[in-house]
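These notes open a run of structures that come right after.
Both complexes below contain subunit A, partnered by subunit B and then by subunit C.
So, the complex of A and B:
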């Protein structure tokens, strides 16, 4: 199967949207790409990094999104086309830099920001639309409606960035980023690139005059001229088009993956002759003349878009400015509650909206069949809840935390962060984690809780974060805790990978995105240099980990660090055989008579441990068990036995 | 290139199972074979939250005319390739219709809700009866069992791809899939081809 560097112009390949974006960047001749992993954006860098060396470009996983964007801007200033990609939360992290960058302008090399939003927050802590950020910060914005457009738009955006001298943004969503479709390839450029920061001429965008600094307000006015230029280009963009009859009963205005859903819905309802679709690819600034030309297609307009009513408000704003005698259509969308203002859309939700507006009844399938399918499924489709993998070190860590907090007896609190360990909000981590916000927030919140002693606060505070999260955003919070003597323990769950997003390397791993060995940034050396007490635990040693945490809680004082060090089982399992062969001794396991209330299968919840209903005892599922042996230490009867494999 | 007419356009295929079983790999192989034949293919997958042990599905939509969305509308699946029986029924509940055909590996995988005691796994015979009752045609393919005989449960995937091709429900034949299998499993091609052919044999019996 083809990788994104395949030199086969004109052929059609099956790419996910993220690969299409990366291919578009290659076809545009980028020289520099930087990113921080985050679902659903990770495969953009994930597909660029392995081929970067061969293609003569530079690609990196940066420590966080802000540094990624700043690094990419550096390349732009030296005349190299550069890309920064991230998920929606990343754009928040970068926003301060963006607000300044747009006022200053980019360098000679086109600079593009890719933001992948996650409607329904399938793999996110929050649901958020980044399109309003583009409007808020005056950034020209596009959104692909197909996989082909994901490639073509990305390529085109570098030209636009250079022609306007401003940063351009492409917003994608999960169902483009992570869905697969046909992409017809273009040529790959074969020219050599030279980087040079020309301090006189290349800064023409950074400052409109070359001889003296220009006041920010004037540069802001200049930015608006750049936006006008972008709008002019958008008016004739091939990424905006209308499909449908000249006079329609209903006009849908849509963008992104909703273009695909709208098309599916109109087809499913067989309304191709009655419902028109105006598909927009260039979203901000709105191509007003183009939109106005199509507004008279119908007196009813339905906006189909995910999360915020972005197009809905932009078009309403535009219509408010039309001459008083212009026709006023009736608008349907999020304001009228025909389209949800939260969550992902799909063809069925669009069908529902169209059916409701046009008073059509829609039957997706034979009614009797539907009843039968529902009847058969009622008690036959058990849930499949998410859990830590078999052999995951996090399960052991939270078991130790749970027991340490219980032994301490002061109702200790665990603040959480972003990663696999967020699952500890639920049964997988025994409901130990109480907060989850943005990257680094766990330690930040712990800083506040840890300073409440004067108000009688005596609860121990543990802040958990992963190794990649530690480097991304936790270090300032730790320094704050040491400086201001806040009483909390930062528990770093170091599994030596950015596991949740696909095992990307980070500064602690000794490996770069392009696969080169590099210096290892030691988190313990760093923390000790700050003056923190640092303890390193093996979470698989439940007894000693519990004792260490208990003792650290009792000590009190300023911020301390406990590092839980164990490699992610999914990484280890690919390299090595299981360390132990584990089994349950049926003579020792006394089942329900034990009084443990099935601690191993009901509470510990490792998928490798199953309850054998027939004999009323626990057993190991040998296909799933990874042989970590941790469960041998939780059984009160000592019935789970490990033997060296 | 002349592209074979489809019995229905779009042709909607769901591949379903449990995270870690390999449904993305199957959809990739089938999808790439279809694109090589000139079809427009859209595949929507379960990503991210689909950690090991979660329910997963791939929606594969095949057309000669247009690029469809990555979601099959409710009640509009034409074919389900079920790698696990409960997950097959879960998909039929939402996407099934009287004309649907199913190809199923009857080997159950229990969830933590089942092992933890919050949920019950249904009686397998009754479950398979329900799936048959809801399908216009069903092929039961003991893929895991056959794969274990071949040395590893991992070969179940190539067996199921073989079954899908052998059943004739897709506009693909052995010749269009073989080169993709070669590319995907360059080192274990012999064993995977054997598994693939086994799958074809199992549905032709």
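So, the complex of A and C:
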């Protein structure tokens, strides 16, 4: 990772989008940053936290996005510029607070929310577009189209927030967040910051405490005035511009990474003098005058944007309000099906849309080329399905869960949650997980299932969640289960890290984002204090883990907790040598014969085990095997042998 | 009658889910997919083989009785009510400790201890009653360990899982205390030796128990838990007729239940079982009506005969003649079990010619049904 705190104004640095955003925040002079990890947003805090101390700022991994945003608001109220960053799902978690924050207003310190969306849901449970949230909550919204803009917009947004007195939001997407580009650096502010919550004089924005509260409806009206102010700034923003001929056959209106795809497409089609691009950086409120000025560039307008038709609808709304005699262009986009209504875009898709609208035939390259390229890339990449890492404790946990549910024989159900273990929807976790929604939903759903006894429901219910997910959103659901005596077992997969997003610390790890040791919040002590029966299992001990789960299911009664405690293999592997040296004894391995039928490489599926078709035996892939030794306990023939390393 | 060998899915469809499973354990232990749990054989994962040893050795899949009899006795399946026999007698242990703990005469415990001591076997697979009073299979290597198994637990126990746990390169010599269904499964293995587990030739001794029926480790166990203070129970007994009781012994006395109350917990498959006297064991042991503290013993093979000789010669067992009226009663009871089972089988198959798993010669079948 690049160092974002390099003090060299005017020089260029290679930054990923998230680092550019973090740098922008530094240049804006933030004093406070809070976040909950989530791809593709994690590197914002990931790059701020390590340098926070040195830069005299405070940075934290909060237990969830709502707390992160609220904490940042607290800093703003005391006059400190503050930032909260999160992935798209997190914005939903914060939305209740946001809806009230915008009505109340922010403090003296600028307050900015960064949302990183994930078109195509590459690392997410959905591909939700957070731009509409800014619109329905009346939050000024910008979106960078380049890495430079990612930095510059972030910095600028703090000024805007302070000038308007309202929260401002920057939306980014995976291809900006994780791609790398040149960013020209600005100055790093050197002034010291002083925090003070001025309760008498700083009531312009914060909820008054000593005065009669201003009615919310009136505050709503104030908010619209703030939006008008933001819109005015947006009209002259350098983040909005047009490239192309004065009169164009087609006008593309775009934003974010689609700006890059649109440029590529126009260039590839050699239509630079026929197709113009209106690139918007300030999206909401729409800079209507600026847009209107460019509308007459063409009779045909194509909207190029990912996920929701956000600009498309905003511009249509605006055009509907133009005087009756104004020109009415033809609109193309998601509504006309020229642009995908879901998933990421790319230059090829934009080329197709332009070609179809302008009736030109475009053959990017000969068809065979594509096929050949695909074959070639396949030949150099080994075929692997999505699975847990070799040595992952989750594989062992789900093996135990699978066997326990089968042995129990009442068709038990596993409700899932968000984390690496969501892979248990598929073969990696033996198809054990049946539901996956949002953080904490697994335990919530289990609450409902666990109360259906009166309707003859007899299926055991296990809710799985990660350790970080437990702290994030599962505790209320557990309390509900204990209070309302719902019959389920909360299985906490405690691998001592927020593993899926890059091993960020959490309250159970004893470490803060800034690398300082802190109190360990003991999940078992917490659960026991709530009155739950708590069992702690080592998932690598398959037999006793299975037995414990079986016994807990048989016991029934209210909500219980089983903690599967084993450090994430990727964390352990960095600190220690493999515990075992594992090999397969080919004389003992019977492979496909009766008595095995390739249990290890057909069902257990640890990538450290490979099936040698030629000799009809399994073997260990020594490069991948992490020496956990769990497979020695599943092999029915005792053919997998572990020796202390 | 379907004589084809199939896979575990068919075992599930035709035997386990049809309540025909005896819980013998023959399909488990050598297979990672089939596992016994609380009175049921569970399939943990999908096995893709279309023919499996699980199906092949199950005592409730097609069994050619003449062929397996030929294998162990060198003659077709006997028409005698007690199967192939060399001698029928009564016996009891001379060891006070054994007599104290044993179910009746302690013949089984004595013979096993002797087989271990003489090196005929180095491991005995038998059943003991565990702390919570469920039956559990275990390995014994010494007389003291064998003594831990003394006494009957009337719930079915999948002991053949323990046999199948021995890996293919094992050279242990084994003795097994088997119920009739388990002795049948072992004989199917002797006929067509299993692969990828210990050789069936390493089973040097099968001591069979008499059995009218066994009880369900699920339902009956629930009954016991509800009706007894289980930790205090020291012994279970179903005394020979005409007692018609199930007894549980506790330090403060015997608690009896009428058999009528118990019978509903028998595992359903016992109704389809023809064998009361473990006809395929080397030596079979049961109670003796009216002669308390003794066992009825049926010697069937040379192995059984030799062991019995040795036990007598070494003074481990005392023996006597089985009174003729006892023999007559025994035969009567054994025949009754066969007839009743065949009737049930035909009721289920709906066809006089279809005896499900029982491959009997038509002549013998007709004779038994007459």
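Methods note: the second predicted complex is superposed on the first by the 619 of 645 C-alpha atoms of A that agree within 3 Å, B and C clash if a C-alpha of one lies under 4 Å from a C-alpha of the other, contacts with A are read in each partner's own complex, and residues count from 1 in each chain.
In this text, a contact is a pair of C-beta atoms (placed from the backbone, for glycine too) under 8 Å apart; a residue touches a chain by one contact, two chains touch by 3 or more.
No experiment lies behind these values; they were computed from the predicted model shown.
Of the two partner chains placed by superposition, A:217 touches none, neither subunit B nor subunit C.
After superposition on the shared chain, subunit A has more residues touched by B, the comparison being subunit B against subunit C. Within the superposed three-chain model, A:367 lies out of touch with both subunit B and subunit C [touch as defined at top].
Within the superposed three-chain model, A:320 lies out of touch with both subunit B and subunit C [touch as defined at top].
In the superposed pair of complexes, A:599 makes contact with subunit C only, with no contact to subunit B. Legend: residue contacts after superposition of the two complexes on their common chain; A:182 is shown touching subunit B, with no touch to subunit C. By the touch criterion stated above, A:634 is placed in contact with subunit C alone, subunit B being left untouched. Of the residues of subunit A, those at positions 602 touch subunit B in one of the two structures and subunit C in the other. Subunit B contributes residues 18, 27-28, 31-32, 35, 38, 40-45, 47-49, 51-55, 66-71, 73-76, 86, 89-90, 92-93, 96-98, 110-122, 126-127, 130, 133-134, 153, 180, 183-184 to its touches with subunit A in the complex.
On subunit A, the positions that touch subunit C within their shared complex are 402-403, 406-407, 409, 430, 587-588, 590, 592-597, 599, 602-603, 634, 636-638.
Only residues 30-33, 35, 37-38, 40, 42-49, 51-54, 167-169, 195-197 of subunit C touch subunit A when the two sit together in their complex. Contact residues on subunit A toward subunit B in their complex (touch as defined above): 1, 12-14, 39-40, 118, 122-123, 146-148, 174-175, 178-182, 257, 260-261, 263-265, 268, 346-348, 351, 364-366, 369-370, 372-374, 376-377, 379-387, 389-390, 420, 427, 598, 601-602, 605, 607, 609-611, 621, 623.
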